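Got a structure here, written out as structure tokens. Questions coming.
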């Protein structure tokens, strides 16, 4: 995309339709829009074929609304992650057309139904009840990105029969997201059961020696299953993002 | 696969061709072979559609040869990783049919040419010369697993024009493996350039505050590019494994 | 237990009383019950001979009540741990038959008196006053699990005569739980005084270089007494669980 | 300065204008002023040619006002950093002549306009919107210290074209301050684009494996760009201080 | 034991058979023997009912022989752990009656056959081939301490069917030792399969983010199975010691 | 002391004034008093010649009052540390005779004036204003323990002339307590200036890479001055305790 | 520089002297040269005005010689860092024109005398004798980059008078490099003495709690002197690089 | 001392016997001697009343001999620490008058007998045989510094009766050095037994979770005994240094 735009620009230069300085200017400034507090990459959606996503944590309602407005002006759907329930009312007042889901902490501006573009199913499997918020984020993002999702909850490895009972659902998925806190062993067992990529999401669930997710993170990075890759602690969004890319291949 | 075998076994039981105890026995013992020191999972290859791989570090030549022999008896190709040059002669004496490559530290027993089964290309991109051993492992494994590979070396982010010049190769790949030590920033920049999954491999290259790859690992886990997942430090093999699964989708 | 159930099921298949698909279904789904947010392992109590325990921290009152309800429907006693005093009223409103103890943060639904099943006594010994909440959790769980418990408080090693004075009580126990924060040296000294297993519980008590229990945890893991094993920081429940299993041998 | 004062003092002693004991006294006590809670270094401003700065975090309004008063009595401008908006009213009540800016958390007592003493421009570049508070601190301090500042916001490396578009501004600066959280890769890319010193400021922005800025800090310390030095996490002030010294050379 | 000795001593004092000073002397010095470099606790064997064990790592052959000699003089069997093969010849020259086993790195002076004192079986289960040295230490110590041992090797959780096939052996044990490196998930799965105490031994096997056993250690400490306790990294001896105490109950 | 008591007791046994069992009882229980939540070591004051101290953090007002009451009943003065201002009123209501000082967070029950028992002066020197609370704790404890104290505030090493000016006071002290956060360099410089023991107290003052006092702690432990020993982060009390013992020699 | 080249290229396009595709090609590939194992950035020297530097650690003699050859072909001087004495002979055999210095571990190919381009002096100050190798690297690099250097050795802060005696040399420098291991306090004291930028280099000198340079690194990052920035542990080269850039301003 | 020299110098200036510049020169340069690689602080011995000590690790035999020569020229005794047996012959060849002791790794040049200057006894107590090298360093240094030393070896807390038996020796000491690795609990128990300062020395003895002495270090820093201060891991020298200063009070 960028390369074609660049080639077109160079052709314009060659035909004398635009001079070098102006070309330079356009060359640099095309693929984003500046607002007072952000330089928004409006072309990323086109490049990746996905709506732009705003990481909501640590941004004020005004900052989020400013960025969302610029994206909406470019007629793009907008997904905001990590909107805690306390922050939602102020944001909904500024963005009345938005749809907010407290369980996944996602705020969405776009069509109510998203066309399914993924070629298969994404399975999201979690170890315990406390991992649900991260799983809901992954599920919500994956659905907004046009994927069919199968959810399997509370199948931690200390009762491995619960997981084995879900074997068919896992094996039928095109890609699996495995969400677990504490010792984070779920992706290793899941990885041994399926022949698809497994994206492991460590969660900050646990206490003491789980150190806010470090135990789970290290466990997943050192998994003895070879088909496991890892994203950041609690990063349900990132897992869904990569799963979407894989599911479109 | 397993489920079908299980169903067949249950049908045999139902038809009275095998009694419950024997079924129980077969049910449990089918998918592996016991050697004195290992319980070898001979069906993993079938399940994942990939040759069995032996992690060579920390195993004696005798242990490796014992496992390889069991796998060869099952007529499977065998790939041994992390065979340092000093260990190769003893291993080649025990496994004379094997092919050893010092740069990737891989030992291979199987057909000289592997049929290409991957649907696209895997790009392997590295930040610096010192990251090459890990990259060679990823490349060697990916090729033995039936993938076309494009290699782009020495394009660290402190000279970002070198990376941009490789943009076309990157964008044409179906999946990208980005290998980097020190600050590990390469996957973030690569992730912004392509719309495919990027598998980040931190390396133990560096000194001081790189802490044997921790700096790169943390950098990759906290990447601001959403299409990045991470494997263990120096785990070129794991990256190639997952890339293969993705490339076959 | 499971194996017998499995054998019975296979026998039913052999006799044609159930077909393979149905058997497969039952095989997978027997030992748990699904609620909207959890897959409850109702058979664990049977397998381990202990009531099911709900880790209360990080779960909403509704989630706890939902799980407790499913367990009660299976006529099992229920023990909920880590119920802080602030969370108790909402929970008691949903589970009016429950009994709550603020010191141990335990909520119990079941018989007021539990039959003693343990063959000897469990001694619970603590280093300081600030370790009491963890000790109370261990004591409360051990009693609800049918053990006689002896408590010895505030016998930290900087006044070792206080501990020596309790030597008889310690030596008469079948298993000892040693609870300590700060430098966590208590289990080492206790371990030298008794010839029974000592379960060490590091607590998050302390400040500065105790790093929320890390100093005590490391101290216990590297204890020079050979009869010491360790559980997670503040995990009074886990210590009581294992002590119960040992006390029933 | 000090040396000259010392030489003058020794000359006085030599000429008998002051005796040894008194000289000793003056020698020790000259370059600071004692208040009840602080020993204020009133000569640092002279030595470094910069106003004295009070680190506001962890000090009470009374303590800050006491120190500021002593400095004002010495006719020096005063800059207080890390004054959170909640703390400002109490401080402004005590120091009514002060000027407070919430975005940079800076409180200033001195001339409204500061003469430009820096020989060139300081560029302040940030990776994301959440890094803005640290950037505003750096910008505010640099301006109060007499520098021209160019600000470039939200040009993180996952959309590297946004950064490249700002190349001219960066290259025209005499020194660059690069502010980034998460993986902290911005200074590496900036360092490759410019031939000036780059002062990297890791921020505590991020979650999970960013560990409150550690990931960014390690990434910057291990940067593959050789023209990068690093200051403490969130230390916008320190970066501006050093940039000012460099800009006056 | 000690208490009885103390009571006897006090009785002697009461009867005037020994004066206070001499009593004091004996009171303090009874339960150990001094050699030039060690104060050997010869009564620990009596107290714990187990032979004295010398931790061989970091001691010279002379030091080990000195301590072993004192113990032999007290007619106790002696077990030396962590005797690497390189150190064995020098030690065997000094202790010609000793029996050395290279796989377990154990040196034994005592009866060739040890009477079985344990009431049941100790199962030792390992995740991978590289964990074998630690498992052999646990097995060797357990056997020398008078236990029947069942060994189950190479049943890591990424091929969970291998572990399930060993279910009967596991369930028949009185206590289980689970040895695993890398992510250390084995004890969690084993803990869910059995209703006995599981002693988890993290090993230093792995690379990168396994950090010499930290990943496995943290995973085991945060295990979601409640019947798991943990010993130090690579501490096969300690696990066997505690398992022995439990197996004698 | 204890030894004499023990000898006296043994003499009583010898003379038949007390039988062995009773002696055993007294032998064990003499040097402490049990309250419901604590086993108070009432003899420590006698052994160390210092009042008993209660660490107030993490204890309820009731617990503190219970312990203080038992100590008062033994006619000992009582010092409670870490009583934050919010906790003081409840405590003063229970202990109306107590004297509370908010700056040092110390609560004292005992004579208003303590006799000076220390043979020289203890100098307490601090790096910055934010270190004052820890310094005040050290000063208050040292005075209540009967020492003369000289305080030198705000003499951090970045303005080393401020410290040099206090050289005489430092050199005249019998022992020096050096309190510093951030890089914790003060004890190294002080250690070079004096020929007395320097007790270094790292404080949690700082941000970012000070990691709650770790930077200061490591700096002090690795001090290039040989006369420096270190106590826990923020442990002003411990420093004063040891300084008192030294000052009485 | 790049921008001018880009503008010239665009002008060529505009004048029709080169077509868009060829321009695209040249645009991307200009500023580096590919060798089998490296993509060498030959323009960095031009951009930064400094010779290209090869980090020698972890590269084979062949790899270094290959890169050096490409750079020499571009008629650039070459500096190789971290060439340990053991590696030098093989390298000198391949690069006979090179000059090797064991103390600084630097290998140089270029003019024996480098013209002085720096406007002032760089002072290199070290805390202890063991820090000398890092200091020699900094000095050697700074001289090869065209700077006058003043060296001040062994002036650690525990004997601060040694440092004060060097005050004039320090104050006359344009930029100071402070090298220290252990507690790393030297830059703080130096920073208070001079009004110039201080580049702090932590070294891995020390033992125990210096943790290979972490103590010094953290101490420097949290320095109470505001004019200090930090580079990686043992990174004498990086400090000299930035000092050179500053000294040319 | 310094102060008197300074006063004398100022008097010389006042009397005109020396001019200001020369005074300045002498003022700065008096208390050290420069050799090519070191700035030796020859007055520290005078200031502290102790021989100068050279930390031998990481210095070449030539460097040590150079420094020792300068100190000998000043007629001071010299003590070199951390001289491993392999390094001793080369050093003894350069310093033939030196006396070397392999157990303590100390090299001494000075009188064979050192006069006892300490007022009491220093007790050195160790937990295990492997801690002996550190204890020998402490003992050797303390004796060379003029102290009487009592050594108590191998009295770790897992057999606390061994320690109690040494109670008299401990209580008679003026200061105690407690040396321990692993969990480092010894100083806590010792601290409770004596009313003197206890200097705790963590050692790097141990494996796994002892992390090279970190477990012991943290345990000692968080000791529940108030009379404990801590030095760096394995720093027997530093403990003896401080103990000497205390013993001379």
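Note that the chains are named A, B, C, D, E, F, G and H in the order they appear, and that numbering of residues resets to 1 at the start of each chain.
Note that contacts are C-beta pairs under 8 Å (C-beta built on N, C-alpha and C of every residue); 3 or more make two chains touch, one makes a residue touch a chain.
From a predicted model like this one, the values you see are computed outputs, not experimental measurements.
Novice: Let me spell it out: compute each chain's centre from its C-alpha atoms, then which one is farthest from chain A's centre?
Specialist: H
Novice: When the contact pairs of D-H are compared by residue number, which of A-E, A-D or E-F has over half in common?
Specialist: Copy of the D-H interface among the listed pairs: E-F.
Novice: Please tell me whether the contact surfaces of chain C and chain F are same or different in residue numbering, using the over-half criterion.
Specialist: different
Novice: Relative to chain E, which chain has the most distant C-alpha mean position?
Specialist: D
Novice: Distance between chain A and chain F based on Cα centroids, please, to the nearest Å.
Specialist: 53
Novice: Please report how many Å separate the Cα centroid of chain A from that of chain C, as a whole number.
Specialist: Using C-alpha averages as centres, the distance is 37 Å.
Novice: From the mean C-alpha coordinate of chain A to that of chain B, what's the distance rounded to whole Å?
Specialist: A distance of 25 Å separates the two centres.
Novice: Give the residues of chain A that touch two or more other chains, as numbers and ranges in rising order.
Specialist: 3, 44, 159, 164, 167, 192, 208-210, 217, 221-222, 226, 232-233
Novice: Pull out all the chain pairs that touch, please.
Specialist: A-B, A-C, A-D, A-E, A-G, B-C, B-D, B-E, B-G, C-E, C-F, C-H, D-F, D-G, D-H, E-F, E-H, F-G, F-H, G-H
Novice: Hey, which residues of chain E end up touching chain F in the complex?
Specialist: Result: residues 6-7, 10-11, 13-14, 16, 19-21, 23-24 of chain E touch chain F.
Novice: Can you list the residues on chain C that touch chain A in the complex?
Specialist: Per the stated touch rule, the residues are 2, 28-29, 31-32, 37-41, 44, 55, 57-59, 63, 67, 202, 204, 213, 217, 232-235.
Novice: Any idea which chain C residues touch chain F in the complex?
Specialist: It is residues 129-130, 132, 153-155, 159, 161-162, 164-165, 167, 205, 207-210 of chain C that touch chain F.
Novice: Okay, in this complex, where on chain E does chain C touch?
Specialist: Answer in residue numbers: 2-3, 44, 47-49, 53, 119, 167-168, 171, 174, 192, 195-197, 199, 217, 221-222, 226-233, 237-239, 241-242, 245-246, 249.
Novice: Report the residues of chain C in contact with chain H in the complex, numbered from low to high.
Specialist: Going through chain C, the ones touching chain H are 127-128, 156-160, 164, 182-185, 188-189, 191-193, 206, 208-211, 214-226.
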